[in-house]
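After this come two complexes, each holding subunit A, first together with subunit B and then together with subunit C.
Moving on, here comes the complex of A and B:
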């Protein structure tokens, strides 16, 4: 095939690495979505909006504080702001809807996307923003003759750390274990004297924190705009669906498939690159309609 | 300890319990006998606040608790062992016990070590995922889990259902020891032999209505009523 003739081993390796760093952001966002889906059973459509807010807050915080410090602090501040916002929404509104049917929850989170979208417009206007990474993460280093962006390396190192953190949280902490129990049988957890409502609040907050973190990390790599919420929420839902609803490792696997097919698609057939990840999703769902790994639903 | 006054409980639109009243005194083991579907589990769920009654009231430790959330009832010392052995399947045996642990108000109370002393077979499977246990092991675990919350009043819903005779015997023996521990127990059972050997008093429930109440000796002697309401 003519289109593939320009592919060398080095360019393939480079593209795989770029794909893997994109995977990191997809994984961080999707794992948060999956966590909420698995434990609270809420398909949180506003997850993408929180990601967008995370990106905008990162921009504002980084610019306000200024310099390299500004960027590093913004990476912590933005997810925290998003988590606090989500806590307010959960305690103020969402918790009163837990006993309602899924459609109600879906509509509620859809309403949130509209509110958050307008909130962003109100605060930041409709212009796009762009943020540059601190000098330490700017530029590229040489990878077998091809340049590999330093920021991507940073993402690549961060991904496994976040995965490890999430694993520790769900398997080694009391709140994580209670969340796993409540995901399957919230009534029984309540009957043992645990206030499930607070377990849910904590899990929702952690899930949304991850959306905010994803938004913060993506900020220096693309324009921060209205509409970035729509793209990510679609991708994140597809990832969670092919991985297995509520399964954290499924989110990782799904993000890998999505990120890598996207990256390799760009190399193989640039004009149609956008199609590749969606084809991968279709292929997965044809063979595994319930997702690759066990779903908690 | 507990007084249930004329409760009516529904599942959706279906009316399950009709004007049910019962009393459990401190230190007693009270049995609820009845066929499958008679309303035993619904009664237990009503008391635990899982399916709150629409009418009537529940007084627990001298206070009105009708409509109180389950976790608040649990914190007031109500322990619950469900009839369908709902262990936390994704957690290990040890984790099932640890996550619900609540220290006793006074004295040593129950902790993981003591639960393992009480049900030695659990000790050997501490690290096993609870979803993979046998029926008997799961039942020991759900009882152990309830003990970890250090209850003063324990609701036991059909603990021997569907278990092998040897396991039933062992469980009955251990449940018998709760009395010495100062636990008050409300035990729902289909197994008459177990119920009659453990209880101080008994109630017979049929089609959501209490048909009989009395001392366990009277119930044991009264074959006619048992045949009428309990024979399948």
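Moving on, here comes the complex of A and C:
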């Protein structure tokens, strides 16, 4: 039997949709990373750890409150907790390091990953946790004869909303405009009498909020466990690099490429599906070493 | 004067002998455990350790091993081969342990097995599923208590061959365990049911965050049944994705340990129903006095139900105590001679340690995940026992694997 005969238009369309819901998570996490990279010029290695903390807090909040309400509230609480934590880190530590060279900042954020990793171990122990989606989002519905999970649909609807929110934030609000300006020339912004330090704090907070949101959203679909930070941080960095460092729309484009090649690869060549997204990254970098879109660096 | 000196020397010598003897008497018998006690694997390994500790407590209450108190030392390998191997060396050199026990990480189990052969220290493997441990790379000083991929393969194939499915799909973790289990099942299934056909295969990375695209792609290919060769921590998210996509309702699939408590309990009431699984142990089956007593004792000590690891820990302790008792002295070679072919009682009935390859012959239970009103989580239903003689590879196959 021909190995590819099961690839019909319906199965391809379904696979694209499944891939797009994964893209949503990747976009949310990597856009936060990209935002911080673009404005603060910090390659935040601890972004993945914040994603992990987001997932753990979601678990605890959802279990503590209980029921469907617990899950929905946890989706708001977890990113907020992560944002507060990042604010404390930024005000308490990071802001004293902005003038240092990149290597120092890289080392600092790497140290943070270790601290956050141990923090998670301290609070939640080394066991993994598992969270169930609320009944509304459980199960699947039929899509041209193939099942499509409700939770994936939820992610699909949420993705564009987050993208829209980010667009509004960066283009229509004062803080967004200041952040954009600070990304280009921070001395000039400071010379205009604006407290750049607080702009940075706000941007760092928003970026980390997105990491927490990503973690909260994946919580019901996978194990909440130590080590989930490593997987996501590598993927997020690859996405940011192929999209163009610091470019938010680049992160969207990168996430799309990564998520879709992954899903389609699984359908077309399942034995070697693991390599597909990475091959896509290599191809992009060969032809556009600085990423697809304009980098802010 | 001369007489006096002789007396003193004699006295001193006698004293030294006495001190030496009491020192030997007081010196505890040491069991060194190296395993991953942090991170996801600890779900499985904690029960091995705790059941062993519980059994050791009883052994000590009954006078220890040949009059020596048993002491258990544990080391966390953090699932890293270098850390685990260093810990094993430290246990041998500094703590001078008499026995080594561990580990869930196959690469580490094989590394410690090499060390055990060189140092001539018996090593009991309590969770790794690598068939190489008691197979191709087996030797006099290594013992495998947990079932291995060859046994899983044979047991699963026995069960699957009875079902009417012909077109299969194989999916699993892209590392040794996944490939070994899939290979084990498929080779044997093809042998006993030649008309089965393999439609295709999918392999994902260990710790894959999202199984949904894999499942939808498999469903699109419309196989009769799917063999899922995934292990450890990936089982839970895979079953979650199976539940979300309704995979289990559309295509039946097999997954080793799907019916195991450690795998199914985290899913609570939200597990996929009807998944075919195999396991060495269930706290509710077999419904015998021995098993009930074991469960009650474990639950009383730790406040939780025992999972399959508890069985491995218990059997290990019984073999160690039984072997030395039979040998009559604390001597490694005498112990090995005594423990080879030994049969010990266990919650699943008498278990034999096969003399040739040092593999514990445990029965395997095949069943499907089922919801019952008694528990808040799913259990294995319609359990069928696959006798160890049918699951373990024959001694001839082991000889061949070892190149003899």
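Note that in this section the second predicted complex is superposed on the first by the 294 of 297 C-alpha atoms of A that agree within 3 Å, B and C clash if a C-alpha of one lies under 4 Å from a C-alpha of the other, contacts with A are read in each partner's own complex, and residues count from 1 in each chain.
What we mean here is this: a contact is a pair of C-beta atoms (placed from the backbone, for glycine too) under 8 Å apart; a residue touches a chain by one contact, two chains touch by 3 or more.
The model shown is predicted, which means the values in this text are computed figures rather than measured ones.
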Inquiry  = In the superposed model built on subunit A, check whether subunit B and subunit C fit or clash.
reply    = fit
Task = Figure out whether A:223 sits in contact with subunit B (first) or subunit C (second), or with both, or with neither.
result = second
Contacts of A:177 with subunit B and subunit C, given as first, second, both or neither = first
Request  = Identify which of subunit B and subunit C touches the larger number of residues of subunit A.
outcome  = C
Task = Using the superposition on chain A described above, determine whether A:206 touches subunit B (first), subunit C (second), both, or neither.
result = neither
Message = Which partner chains sit in contact with A:42 here, subunit B, subunit C, both or neither? Use first/second/both/neither.
response = neither
Request  = With the two complexes superposed on chain A, say which partner A:196 touches: subunit B (first), subunit C (second), both, or neither.
outcome  = first
Message = Contact-wise, after the overlay, does A:166 reach subunit B, subunit C, both or neither (first, second, both, neither)?
response = neither
Inquiry  = Contact-wise, after the overlay, does A:185 reach subunit B, subunit C, both or neither (first, second, both, neither)?
reply    = first
Inquiry  = How many Å separate the nearest C-alpha atoms of subunit B and subunit C in the overlaid structures?
reply    = 37
Query = Which subunit C residues qualify as touching subunit A in the complex?
reply = 37-40, 42-43, 171, 174, 197, 199-205, 207, 209-210, 212-214, 216-222, 233, 236-237, 240-241, 243-247, 250, 266-268, 270
Remark   = So, in the complex, the side of subunit B touching subunit A is made of residues 48, 50, 69-71, 74-75, 80, 82, 86, 88-91, 95-96, 98-100, 102, 145-146, 149
Task = Spell out the part of subunit A that touches subunit C in their complex, as residue ranges.
result = 1, 3, 6-8, 10-11, 14-15, 18-19, 21-22, 121, 126-130, 132-133, 138-140, 146-152, 218, 220-223, 225-228, 231-232, 262-263, 266-267, 270-274
Ask   = Residues of subunit A touching subunit B in their complex?
value = 174, 177-178, 180-181, 183-185, 187-196
